[in-house]
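Below are two complexes that have chain A in common, paired first with chain B and then with chain C.
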Partner chain A sequence: MSALGGPKQTGGVQSPTGMGIAIGIVLIIVALVLAFFFAQMAGLIALVGIIIGGVLIGFGVHFVPVGGAPAAMGQAPGIATGVAMLAAGAGLAGLFGGAWAAPLGLPLALAGGAVGGGLLMAITCTMVNIIYVFGMGIPAASGKVAKDPITGDTFPEYKSQGTEGHGLPFISWVGGVIGGALGGLGGTLIYLELLDIYQAQLPTILDTTVEQIAPVAISLAGVFAVGMFLMNAVLAAYNITGTIEGPHDPKFKRFPRAVIAAAVASAVAGIFSIGLLELVGVF
Partner chain B sequence: MSVKIEAGAGGGIPHNQLVIYGLVGSLVLIYLTYLNTITGTQYFAFFGGLAAVVALIWGTDTIKHLCSYGLGTGVPSAGMIALGSGVIAALFGATTGIAAPIVTIIIAAIIGAVAGVMANHVVRMDIPVMIISLTELAIVGAMTVLGLAAMACGTFEFIGMITGEISILGFAVETYEFSLIGGSIIAVIFMLGAIAIQHSFNACLGPGERQDRTLMLAAECGFLSMITVAIISFAFIGFIPALISLLVSVIGWIYTYTQYIALSKRDAYAWLDAQPILEPKGGA
Partner chain C sequence: MEEIVFGIGITALAGALATVAGAAEDTESDIGSQGDPNSQVQLAPQMGYIHRIFNKAVAGEPPAYGLWVALGAGLAWAFMAMQINPILAIVLGSALAVFVQGVYATTAYLGRTASLAKFGQPVYIDILKSMTTVTMAHAFVAIFTTVAMCHLMISALGHPFPLPLLGLVWGIALGAAGSATGNPFYGKERQYQEQKFGAGVPISASGNIVRYAEAGQRNSLDNGFFSAKLGGPASGICFGLIVFFELWRTVVFEPLAAGWGAVIIGIVIILIFAIIDRYIEVWARKTFGPYTAPEEASS
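So, the complex of A and B:
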């Protein structure tokens, strides 16, 4: 893994197979060539943007403190639901923010997406902790580290026997917000790249103006961004296998695998999205 | 990781048989909506919804197969990746006119297989059925989206999905805004399909899970999504065709719901390991 720039893997983590890496590289190259063939430089730039967006999503999911069913019973730290649900929530909130800011230009739209996703996770994490502390009466204690890396709070005294920790420590809160922001940023990037492609192609194919075609272009870009977001989020979830506490969790070091998987999956899904309009009117 | 825990009491229809039923069934049913184009009417739109129901039944059995290996991420994640890759394949396929359903299946298989290879060889899930399951799930997701979309607007062709008619001062005007995709109804269909595919096995899993009960719930969820799409379709197709769609979905839902409740009672009774106390003849 060191050849790919990732951190050293922990003992139990298996690195990707040679076949997997080879297939991935071939698929990305084929997708890039096809993108250039479909829409020249614009297509190439769009596909690179989609791949970066997918990687940001796959990476961002690892920051989100996912507790799953054990967290619902106060036996593990994190938010008491699955990765796919949390990622979908943060991603959609980010997309709304980004899509709203889309006419204001790329930087503002991306910032809007990141703030949207981060804000949703911030609210979720805060409310989760309020329910844990005041509703269930359990303190926040991580099971993976003895001390919070940011606040320096110690955990072992507060951790109940037989649990992996409980509640939502501050480091997990910070991780959730970073994860939401990265997810929102990635989703918005995919949306904006696809929107550019469709707004350029649809008016010439259908012989209309950009304003008339806007609802179709926005809707197509939006639903594809959601689709790719969920694909990448689920692949990242498979990488995490279950629960993760946030950036301090040992499982976080697995992220290079999800980054590769997300890049390849986004490239393949992206090329079909970019090539969508190539066949309109052919049949 | 790859220790298989067989959920349920076994028996029932073998998975491979269900794959063939699901694939052929949904393909034929989707093509039946093409009767709309041939006859110039819209009465056959409801076949799209039935195609989605058949695909959902197949998908539920696939999810059951995949999740019996213990993904650790919950059953809904499988439904999410199914629809996420399916919606891309369905819309790409829709642009190919009459070949749409077949192209959709091919594209979905490609996207699903790539996701499966990534999951097994890069993320290292090392689950034997991962690649084939994600391929099947992508096809299921694509057929569900295409079927429900065809039900809502009466055609599975892209141009039909992005154009709609609105009457201004008595004149019918073609517009892109009042269409299936222009109105973002496709996003609603996406979520309706995702909820339908991820619910059934999630609700029925555990010891005592029986295939007929789970698949009946899948059909029930499919018809429930069909009811919503039938109501949406009033905006895009004629009143009578939409009413037919609504009637078909409501009748289908009532039938599957009562069947599901009956099967649940059967399994609850079997699980109790207790026999009802019979009243002795002639009074106690």
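So, the complex of A and C:
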């Protein structure tokens, strides 16, 4: 029995199958070998960075409290929009900050990306609560847990009749910020790894200087980073299926499947982005 | 010093443009009924409630605005490459992007509403004529201000991304902020205005949206009039704060501590918002108290 009564909420946790893991590992190894073939050690390191970035995005999306359509009617807790889209908004805002700080070095750019994503979520989650409280007169109440794990607030007595809860409890707020930060971190990492590769390859292929190809390298890396961000966010959204309240939601336990899927998808997409210029060079 | 003062001025201007963009985006999406509350607009005829609300939610707000703003930014970028004045280029790019939005709105309304024919929901041509242009006008404001903001970030603050890519990034962020903040107000407070204030809509009431106005049937222009009072401005403040703080922490504090100043200030801002959020949450619990069931069933 869950704390709220009714059947135990397993959250539909399904462990990854052995076959799935095996195929995933094979695909990742093939991608790593190809990365080494395309750009030697630099390619290998870049692909590992891309895989880590993809995993961070896929994992981070599970933290973001998204209530979808029911949240827009105060029928379920969370933010009233789509999982992938909200995570993308936060992660891309992080990418904006990370790309801006790129000339200052890897650690600073990654930190800038994480803070950028977290900042968007912090402001958005606060504004959601402002609308719920001052626009609709509804206090926050989780439908998945009886007590906020951080503040200890109890929820069942605040929940409106006939709903699954509403608003954004503090644990969801914290989850949103962590999710945004992880998304911004992952997106920035992918961008920086690809930027390094393109800045190394493009001057040789086009016979120009690094300064001259900078706009092309930045654009390519940025577009691929945005694309890979959306891919991993959508993968995680499929794993979540619909809505999630944050790290306290039973659905959160599904993340191992998304992490494996994000790693494999990032490896496969990453090899295309790394090998792109090699292919262009061939033709 | 002069550089920082100039940067703060640009930051404030970008924040102001973002605020207008957020407000226009939410009002546009509510008039066009594109956010998550549109699930009820789509559901209502299936429950026997025929209505005159616009219906164009074939894409979420973030990807839709990602497309329109990237399109506006891309066209403006191309016009600027042709040596056209930046302001004129941004106006032209945004205007062309708005035509795409208009085509999207028209086909989405016709397609979504025609799919409800078997439930007796008519396609109202007068709705299409009177409301598509209003959503287009609001979309123009949102796209123009966002593209102008992106242009400022590149030309005045030196962001490395090209204009179309920055348009995509901030277009998606605009849709995310606008839909997150504005949707509950449109969904709960407007579509379910007959339900009790201060409580969520019972799931049993789903589809029973308000369909009548003070005179005659309610339409989406009435909804835009309503959400422009709170949902729109709140979305504007949300997006404006995001853009302002993101730029402000970088422009002012990046020179400190070898660049770590911007990161530290970012974390401090997040903590301040955590305190504000917690204060609001506790205030609501104390002020409104636990839920008490109404004497008569509200559904």
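Throughout what follows, the second predicted complex is superposed on the first by the 270 of 283 C-alpha atoms of A that agree within 3 Å, B and C clash if a C-alpha of one lies under 4 Å from a C-alpha of the other, contacts with A are read in each partner's own complex, and residues count from 1 in each chain.
Basically, contacts are C-beta pairs under 8 Å (C-beta built on N, C-alpha and C of every residue); 3 or more make two chains touch, one makes a residue touch a chain.
All values reported here derive from a predicted model rather than from experimental measurement.
Asks: Is the arrangement of chain B and chain C around the shared chain A a clash or a fit after superposition?
Replies: Here the two partners, once superposed via chain A, clash with each other.
Asks: Per the contact definition in the header, classify A:Val128: touching chain B only (first), chain C only (second), both, or neither.
Replies: Touch partner of A:Val128: chain C, not chain B.
Asks: Examine A:Gly118 and indicate which partner it touches, taking first as chain B and second as chain C; both and neither are also allowed.
Replies: Once the two structures are laid over each other on A, A:Gly118 reaches chain C alone.
Asks: Touching A:Ile57 in the superposition: chain B (first), chain C (second), both, neither?
Replies: The answer is neither, since A:Ile57 touches no partner chain.
Asks: Considering only the touch criterion stated at the top, classify A:Leu34 as touching first (chain B), second (chain C), both, or neither.
Replies: Neither partner.
Asks: See if chain A has more residues touched by chain B or by chain C, and give me that chain.
Replies: Between chain B and chain C, C touches the greater number of residues in chain A.
Asks: Per the contact definition in the header, classify A:Leu235: touching chain B only (first), chain C only (second), both, or neither.
Replies: After superposing on A, A:Leu235 lies in contact with chain B but is clear of chain C.
Asks: In the overlaid three-chain picture, which partner chain does A:Ala88 touch, first (chain B) or second (chain C), both, or neither?
Replies: Both partners, chain B and chain C.
Asks: Touching A:Ile190, do we find chain B (first), chain C (second), both, or neither?
Replies: Neither partner.
Asks: Give one of first, second, both or neither to describe whether A:Val268 is in contact with chain B, with chain C, with both, or with none.
Replies: It touches chain B, and chain C stays clear.
Asks: Considering only the touch criterion stated at the top, classify A:Ile178 as touching first (chain B), second (chain C), both, or neither.
Replies: A:Ile178 contacts neither chain B nor chain C.
Asks: In the superposed arrangement, what residues of chain A touch both chain B and chain C?
Replies: The overlap between the chain B and chain C interfaces on chain A comprises residues 68-69, 82, 85, 88, 215, 218-219, 222-223, 226.
Asks: In the complex of these two chains, what residues of chain A are touching chain C?
Replies: Checking each residue of chain A against chain C gives 68-75, 79-82, 85-86, 88-90, 92-93, 95-97, 99-102, 104-105, 108, 111-112, 115-116, 118-120, 122-133, 135-141, 151, 153, 157-170, 173-174, 177, 214-215, 218-219, 222-223, 226.
Asks: Flag every residue of chain A that touches chain B in the complex, lowest number first.
Replies: 14-17, 19-21, 23-24, 27, 68-69, 82-85, 88, 206, 208, 212-213, 215-216, 218-220, 222-224, 226-231, 233-235, 237-242, 257-258, 260-261, 264-265, 268-269, 272-273, 275-280, 282-283
Asks: Show which residues of chain B lie in contact with chain A when the two form their complex.
Replies: 1, 71-74, 76-78, 80-81, 83-89, 91-92, 95-99, 107, 110-111, 114-115, 117-126, 158-159, 162, 175-177, 179, 181-184, 186-187, 190
Asks: Please name which positions on chain C make contact with chain A in the complex.
Replies: 35-37, 39-40, 60-63, 159-162, 165-166, 168-170, 172-173, 175-177, 179-189, 191-192, 197-206, 230-231, 234-235, 237-238, 241-242, 245-246, 249-250, 254, 258-260, 262-263, 266-267, 269-270, 273-274, 276-278, 280-281, 283-285, 288, 290-291, 293, 299
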